[in-house]
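Both complexes below contain chain A, partnered by chain B and then by chain C.
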Partner chain A sequence: MDNLSELLHGFTIAVTVPHLALMVVGVLLGILVGVLPGLGAPNGVSLLLPLTFGMQPVSAIILLSSMYWGALFGGSVTSILFNIPGEPSSVATTFDGYPMARDGRPTTALATAFGSAAFGALVGVILITFLASWVAQVALAFGPAEYFAVYFLAFASFVGMGGAAPIKTVVALAIGFAIAAIGIDTVSGSVRLTMGIDELVKGVNFVVAVMGLFGIGELLVAVEEEFHARAVSSKIDWLEVFRAVGRLPRHSVALLRSAAIGCWMGITPGGPTAASFMSYGIGRRFSRRGRYFGTGEVEGIISPETADHAAGTSALLPMLSLGIPGSATAAVMMGGLMIWGLNPGPMLFVDQKDFVWGLIASMYVGNIVAVALVLLTVPVFAALMRIPFVVIAPLIVIICVVGAYSVSSSYLDVVMMLGFGVVGYLFKKLFYPLAPLVLAIVIGDKAEDAFRQSMLMSKGSLGIFFANKLVTCLVVAGIALLLLPLALQLFARIFRKPASIETTTQEKVII
Partner chain B sequence: MRGTSLFLLSVSATVLAGPMPAFAAWQPQKPIEFVATAGPGGGTDNLARAVQNIITKYKLTDQPIVVVNKGGGSGAEGYVYGKASAGDPYKVIFGTSNAWQQPLVSKVAFNYTDLTPIAAMAQDEFLLWVKQDAPYKTAGDYLKAAASGDFKMGGAQSKDTDEVLTRMIEKTGHVKLTYIPFKSGAEAAVQLAGGHLDSHVNNPSESLGQWRGGTQRPLCVFSPKHLPQGPKITATEGWGDVPTCVEQGLDIKQYEQPRTVWLPGKVTPEQAAYYVDLMKKVQATAEWKDYIEKTSQVDTFLTGAEFDKFIKEDLEHVKQVASEQGWLVK
Partner chain C sequence: MISRRALEVATAILTGSFGVAVAVQSLDNGIGWSTEGVESGTFPFLTGIIIVAGSLYNLTRGVMPAASLASVPVAITSIELRRLAGLFVPAAIFVAAIPLLGMYVASAAYVLAVLAIPRHRSVLLSAVTAAATALALYVVFERMFQVSLPHGALAAALGF
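Now for the complex of A and B:
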């Protein structure tokens, strides 16, 4: 194995005292920016970027990527504890992570999330190590039609399996698409749906939407339900951290399935967000305890977290080998590469072996450093849950307001965030699902662009979605997922007495 | 304290020196915000951060500088922000020619006249790129093949510089191209590498890695003369070896995208002069030369009347293309 010897050489670069120290610093900074919503990994990395100009490129990328790992882990903390996802990709973690933490098991929720995230990241790195050249080829096969098919698959895997009434899911999706359409349209270049507000030309930022929908929305519901009566008693329990991680192998099927989904979505540049949603949706269908998803299920945390990190890690590969940044953070790092005098692209693997393999080796080591550090912080974060609601509620409001403002220093964002809070509250009260809404806000405009680019290419013929094996498989899989629940219901009606269906759908948990 | 005393010093110096040029008087008294009208990692963002880095390194001002990204709406977010900050000399807006091109073709809530022009600091060149294994070797061959009418041209954004150039190629080369807009030139480059497009018109830095990697190659550059030689990119060729499009029978003499620097409207001439001077100092450093070379841009410095003239000419040209295509907004 050529790659293996290259990797060992990479380890000799990555595992040195200064580099290990950089990893620790990077991870700690990353956890910090990840935990503070609104700051997030892309901003954190761009703040740090000027400091790296005088460094060796390898040291610089190790610092920045360690910060990225730290931020990915840190982003899950607020999702689980306060229902405020710091990154688009940790939205799906709130669905089961938050209920579990609220149930008095924050330690378990955090430790499970970190453990499975580390597993996902590890699978992603292994994939990069051994399949680098093949992966780069797969990514190239993706044109607009294939992109659209992947997004369609993500929507289908979620819609088809949603617990809520299908019509409510469709309504939520439609509202999400409308919000995603605000601002300048890539394909026509015209301004859409700004309703006379000049500033809306920038579109609706995801962080603004999500902090309102989840953070403020949940807070409003909690206030109404007099949530403070149920004080959460969480002991600082070190053993539980290890017990939770130790229990992970029992869910090996979920872990492997989610890692596979994550890697696949990372390579086909669907990205971590689509991966985590899809993994959650598929997990709900195929897990034995799928019907309890949304109430604090362990596998409901494992599925999105594993897929998110597997995708996040393997998404760095297209950046290095093709120069396509898979995420906002990767885009900042790519800017860094250029400034350090490196050009991302296929030649990087040939010209800059030390850099590439040093980075890949640092992914192994950096993730181990990150998970060790982050597991140490679990009891500290879990202790936050013991703070009484009367103290934490204003804190959440402050975090959301500051977070929304810091996205682009705009008061309009704060107002919109509060507006989304009301929308989130109404959705909860009326049993509309929030997940499809958020999914549509996050990848709705990308799906639209991809669809319209395909239509331009094919001069309006839908045949482009069946033009080759790859895209046909993706579209057929999407349609199948969409129709699966219908088909199953139909079977149930034919083979059983048609009574029980109506009641079960009503009882299902709305997320 | 240091800032204040320096300020007092310079004021007293001005007083003592008597009739000095008035613009030496203004100095920034609080932190300066660099507004990049692009997301992190884009060309405009890289420029803002490179300038920030040089100013900080050489202590060209005592005030700290922060870079913020306002790239929403193809950069409109940053320009609208600049318009809303009228009279505030602590916001410096970094953009491109879309400061005057965008208001022509979409209903954005700003025009370049709402801003105070400082300078155009670098010019990005455009090249015609095709897939590495494409059969045509020259722009002439390309045009012949494109006569079939089903060639797909990719580019960044819609009705922006890339599409304007595409329409110019259509007109000059008497062909019809299907233009597919993407979010960025980098995306278009990947699509070309995958064979989903036939060509694109990326800037050198957007496709440098792809050229080295042997997935695509430039046919010609839209410039009156060859680019500076610089180091070799592939085993045999560097930027200077790329022929001009005119040489190859595609008669578009020059097409460039300037990187532009602006202040909000209603600032005083002294304040504007301060920043013109600051950018001139930046441009004199070795780090700037390094930045220009690494991003394969052309060093230039247009300010005052020259810059105005450039804008007017470019505007006229784009207006003509836009009206032919029916893009102009009423």
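Now for the complex of A and C:
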């Protein structure tokens, strides 16, 4: 019951006029970046980051997390009304959302999506409320070896469950680690990997990478196909909103199943995108009306939306209690935490109670604010989509350029951002996952430090990673996840199942 | 027209050469075990090796006509390539012009150029959009958030 009293205290922090105003601003900005193709939650949050440096950490995190909720909702709006996913994680929503809207039921599709999304988010927040402080308590006893094992497990789960080609995930992760190592080494103080460029001594900021990879990269992918924003009617029929939400409990099995998938994928970093696809696939297999999926089926909207938001929300659990973000956006927020002078990880729950519980309470309120605002503003943002892409694209380029520059007032950052844009385009085009790359840039240093500290403790023996039950379990689980794709392939070969066909269908949908 | 195979190979070579650069550079920092613990080059060296190994695997997968690649023979068509260049080339010129023109002039010129030259919008409307962009940047960054954007060598020479 300690958690509940802490949560009530959190509400007294979150529910104040300035913080509610920040939520509204954050959610609206979030919907905006969610709706615009080329701008998503990760670079929306990193754009806002430099502007939060003067704020109280709790206000800053409320603003940024509200933006995240807004972006998650905004992505679904364009998926349903325009068949254009505004966010990678809402691609699966287009499969049934757009057909339903096209058949003259846009309000039903939107209300179903928002209702199930809110349910998913609620499950995620409840999980955080009851589990986060417990996980943090366990993690307080962690030494460097345990930490490294947890990092290892997180990276391994990307390889094993991320859904992309495993070796491409490994390459993306390793590149992220190498980028994280650029600059001054925190342990020895020596300068590493500057490639002869003196300015790189300060390292490569993750915001620069995010702006390029997600901003310019996504824009380049988007410009290839000319958008035909043939919107279905964006008028909201309020009576139908309540009717559609009222019908949701009939699909409680799908809701609970998708929420569970989402939470699992959010905590073990698989991310919202993988979660929504997995949930859609499982829903199609197990739903009674599974064979009608793709034609505007209610459960075809519920499955990806619930999982998407459950994963997006619960991705903050490992970020808060372990210092390991569960999604790219959570990684950016964690970078913010470090800039504000907070140390993400279990000590937050001891030293920064106001911050942690203020954030958790704000997640309850923020999601309600987000549902209300997104319903109210659907017509406004739908009108925005009618502005031609040729006008929006240069503005997004400018936003990314200014965003990269404002991190540390460096022109080199802008040039690097453009370079990251090309890499992001190539990676997206060839299905290299971007989230692990960003994650490795943000926490690569910490993982390396943990490894080197444990090596110091054990005087160079790898035996420290098998020294006690906990660390052994974590390491073994990590290795198992790393080998999972290999095992699946072997399994498929033995039983003569055409595994390659399955990967191609998955490749087609994971954009 | 660029085939999926060519794109896979080019990307694998790109990541692979980055890996080689990382591994070679890390040797300067020393790899292995010293009295102060793991030397600072070790971890990057290992990641460099992993990148190289993974890139080699992706390279061979890209060259081989595997089932997953055969379904997408063309990755970028020539029309798509033209659209890509249409977005990227002006953006690159814009970035290159920032040190000289400064952020405000460069972004206004950029917006004006990409809207007016391909005749997406009339010259007047493009000019208004361009001016509004520069003004919005100035108000938001220089005034509201006190972040100074580069004014450029030209402005400095003119005494701004």
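Here is the rule we go by: the second predicted complex is superposed on the first by the 273 of 511 C-alpha atoms of A that agree within 3 Å, B and C clash if a C-alpha of one lies under 4 Å from a C-alpha of the other, contacts with A are read in each partner's own complex, and residues count from 1 in each chain.
Keep this in mind: a contact is a pair of C-beta atoms (placed from the backbone, for glycine too) under 8 Å apart; a residue touches a chain by one contact, two chains touch by 3 or more.
As the structure is a prediction and not an experimental result, all values here were calculated from the model.
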Inset, instruction - Have a look at where A:190 lands relative to chain B and chain C in the superposition and call it first, second, both or neither. - result: both
Inset, instruction - Return first, second, both or neither, reflecting whether A:292 touches chain B, chain C, both chains, or no partner chain. - result: neither
Inset, instruction - Using the superposition on chain A described above, determine whether A:331 touches chain B (first), chain C (second), both, or neither. - result: first
Inset, instruction - Based on the superposed arrangement, let me know which partner A:167 touches: chain B (first), chain C (second), both, or neither? - result: second
Inset, instruction - Classify the contacts of A:11 with the two partner chains as first (chain B alone), second (chain C alone), both, or neither. - result: neither
Inset, instruction - Have a look at where A:456 lands relative to chain B and chain C in the superposition and call it first, second, both or neither. - result: both
Inset, instruction - Examine A:130 and indicate which partner it touches, taking first as chain B and second as chain C; both and neither are also allowed. - result: neither
Inset, instruction - Based on the superposed arrangement, let me know which partner A:466 touches: chain B (first), chain C (second), both, or neither? - result: neither
Inset, instruction - Give one of first, second, both or neither to describe whether A:418 is in contact with chain B, with chain C, with both, or with none. - result: second
Legend entry - On chain A, positions contacted by chain B and by chain C: 50, 185, 187-188, 190, 409, 456
Legend entry - Contacting residues of chain B [partner chain A, same complex]: 39-42, 45-46, 49-50, 52-53, 56, 67-70, 72-74, 76-77, 80, 84, 105-110, 152, 157-160, 178-183, 186-187, 189-191, 193-196, 205, 208-210, 212-215, 291, 294-295, 327
Legend entry - chain C partner contacts - residues on chain A that touch it in the complex: 50-51, 167-168, 170-171, 174-175, 177-178, 181, 185, 187-188, 190, 192-195, 216, 219-220, 223-226, 388, 390-391, 393-395, 397-398, 401-402, 405-406, 409, 411, 414-415, 418, 422-423, 425-427, 429-430, 432, 448, 451-452, 455-456, 460, 500-501, 503-504, 507
Legend entry - Contact footprint of chain A on chain C as seen in their complex: 4, 7-8, 10-11, 14-15, 18-19, 21-22, 25-26, 29, 33, 36-41, 43-44, 47-48, 50-51, 54-55, 57-58, 61, 66-68, 71, 75-76, 80, 83-84, 86-88, 90-92, 94-95, 98-99, 103, 107, 110-111, 114-115, 118, 120-121, 129, 133, 137, 141, 145, 147-150
Inset, instruction - Spell out the residues on chain A that touch chain B in their complex, using ranges where they run on. - result: 42-43, 45-46, 49-50, 53, 139-144, 183-191, 198-199, 201-203, 205, 322-325, 328, 331-335, 338-339, 341, 343-348, 351, 408-409, 449, 453, 456-457, 459
